[in-house]
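Each chain gets a letter, A, B and C, in the order it is written, and its residues are counted from 1.
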């Protein structure tokens, strides 16, 4: 797909590669990004709303060389801030909180280089395009239904994902029996996805343009409230209380898959990178994640992706990871990997290629 | 709250700071404390009952420079042993097993410096004072009921915690329906706490008087028997077998929370330290933990605390932890952090401040 | 038990100890074995079927110095390959995938030294002998029943393990009620084991002949599909869908046990090593694992073992582990531990002792 030149690439041409900095928006995975920049000797600029700055980041001053504190998230990328970041030769790392604060549309136009593919963020914000991209990549996904009635007929439990649902909020599990009573009730932009039973696996990838490879750097499992607490109640009590499962992401646990699964995981990681480039006209740069469930017959059904750093990588902040140790002899985790790519790209005159 | 001078502070004034040692009681978290002392070049003295010494600690002789083996836990802090420890300039690290062996009351009078707040151990041993301290600190806690009848009326499932319950034993889950049949059956000193459904989070803190800050060093999740096994049975089988959940702590898993939760977690950690100092007249020194559950609306309901090192920190024995990496560039885990504080306090003439 | 001289020991006598190499069959735990060999400066030869080589191992060329690619698993240890390995002074590391590819019987006769006890692999392949060995070692195991009828009478839920079941496939949970309807339906070679409710604990051991000790190097928890997904469904939905639990191993999570359990875990690890030597006439060399469940009264009921490296050790690939840190100051994980033993045995003229 042909594309106009990205605004980030235009801007980065004016940068001094020997003085490039990393701009890290607060929350989500900011702490590991800051720690990673420090490990690589890349100066980091923290962007934070006052409330978060004071309650979290002010405690870790050695992790950044400069901080931009704003009064509200909306100002995070105001004209003044963008100007300051450009003067500092700063490359922005996008993550889910940033998208939530300023919106995927605004990031699209932002006149600041971004380590990542900004056009993918736009796709990620739309369920239909998001799941379509996975399918287009040739990755196995759970069945999709056009309606709850169709799901009821198939006898499959489904997850209904509402438009704008994020961090697991706005998801609802519907049984075939319930689906029959709910026909026609779907809001515009919602998707109905088969609920596949199995072990969930969130795979963390990094597409390195400097090294010309997709690296698998880790895996995690999300703990969600209330569903991961409900399991600890006796069945009769769940019934007595009538609590429905919900899926707010609270925490993450490190996990490692059986080795033979890597054939599929690595293949999917690479397929996804190729599909993104085909679809957006720009390479998939840096961190992303495929999020799925492994069935008893060892299929990996990918139900979502994150087109940027995923918070599950936080389980490895400051550490070597089991998978990173297959590529790197020194401790390597996603936050550090981002800074490494930026540092190496700057040193090799490849800055324009690793940003959009 | 005014306090007489603590016995530990009196004793430590007679110590030679250049030859201070760490006394580590066997079991609980002894292995990481020993490993940590070794990492910091602090000599460790292991105190162990013969049975545990022979079955566990005799296998790791490089982890301590001296061992005191006694025939029964009761002798662990006999006059002879205390004398020997004082001559060795030893500072004792209290943990839950030590409290179980010798009792919180006896620790209160012990003429030996303790890295930790001994007056907090006394509070921890009494449910009413324990939960009261959390509330006093301004930390969100689950609702408490004065009786099972009150809980039944509120329609809330509850955990009944019997006096002396520890390691999860002596806990019982009661549904609203059951509560109606059990009114008036509560023994003296038991508490009735709402059972909050969500993801459990055990946060590990270290209050450093040397560095003047509360550090968040890790998080874990407890695995409890039988409740974490029951979940793997089909609902109908749980009903058929009629098994009730129980909560004996068996193991721990490392976990990392979503970053925005840290605002609350760090705040609670600091609030707790301040409340302990207000309540006991002595600072909260060294390791402690807040133990709670995160709801689907991301509240952190703290249902208990540990006023000393918590065994869940064992998941990081000998390793860097994701959170410690935000404060420390070298690998840092709770056992090492304890030895570091002792070493630094000794070097800076602050020994008296870090003990009670 | 008297034994003829093992074929591996015969062959290794002709090796040049200063040029010994490690032969690592693809899949299972190959990546950590390769990484470990690299850490220890031991050259590794990877043996892989083409499909796996291309989809996984070709991406990590720095992890091995030579690769033998075959067209099918059956050729993995063909005469030609064995010849090449012998010329390269290669010692083979067996694992579950290798056993699956070429069969335990063929490994018994293989004229190649193996780091491990090949006679134990034979025992492991037979449920009756496998569980008998645990019992003979004096390790607590779940009750065994001769028939489903006996289990029904005892009122105990059971797991039926079919002959050849592996990786958790071919296991079936049967409730007392169901057992009554299934009497007499057991195939030859199946076992009926009480299903013990509690927290599962997979303990990773290494028996070092060079250091004369059994080391506990880690623990993990298996995630199995579909059973670990089923728990996240509301009870009524499990009933509505009528899904039965299944046990295909998908992934592993690192875990640490409460310290007092180590008395039992370490004792069992050593008992098992002694029993294997009594039973096979050869020492238990290198990695193995005990797999069990801890009850609410803290018994450790071991339901299976792995007489070679277990895939759960992959959670620590390239890392220090909490337990390894009690024996080793440098990062040590199972893959590296294997290479370390080989390197040290070669240097001390002990090669013959560490192979069969």
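What to note about this one:
The rule is simple: a contact is a pair of C-beta atoms (placed from the backbone, for glycine too) under 8 Å apart; a residue touches a chain by one contact, two chains touch by 3 or more.
For clarity, every value in this text was computed on a predicted model and none was experimentally measured.
Among the remaining chains, those touching subunit A and also subunit B are C. One rotation lays the C-alpha atoms of subunit B on subunit C, and its angle is 120 degrees to the nearest 5.
Of all residue numbers that take part in the contact between subunit A and subunit C, under half occur on both sides, making this a different-residue interface. One inter-chain figure worth recording: subunit A and subunit C are separated by 35 Å, centre to centre, where each centre is the mean of the chain's CA atoms.
In subunit B, the residues that touch at least two other chains are 228, 230-231, 235, 253-254, 319. Those residues of subunit B whose C-beta lies close enough to touch subunit C in the complex are 27-32, 35, 51-52, 55-56, 59-60, 63, 97, 167, 223-226, 228-237, 240-241, 243, 246, 248-254, 311, 314-319. Across the complex, subunit C is touched by residues 157, 173, 175-177, 196-201, 213, 219, 221, 227-228, 230-231, 235, 238-239, 244-245, 253-263, 266-267, 293-298, 319-327 of subunit A.
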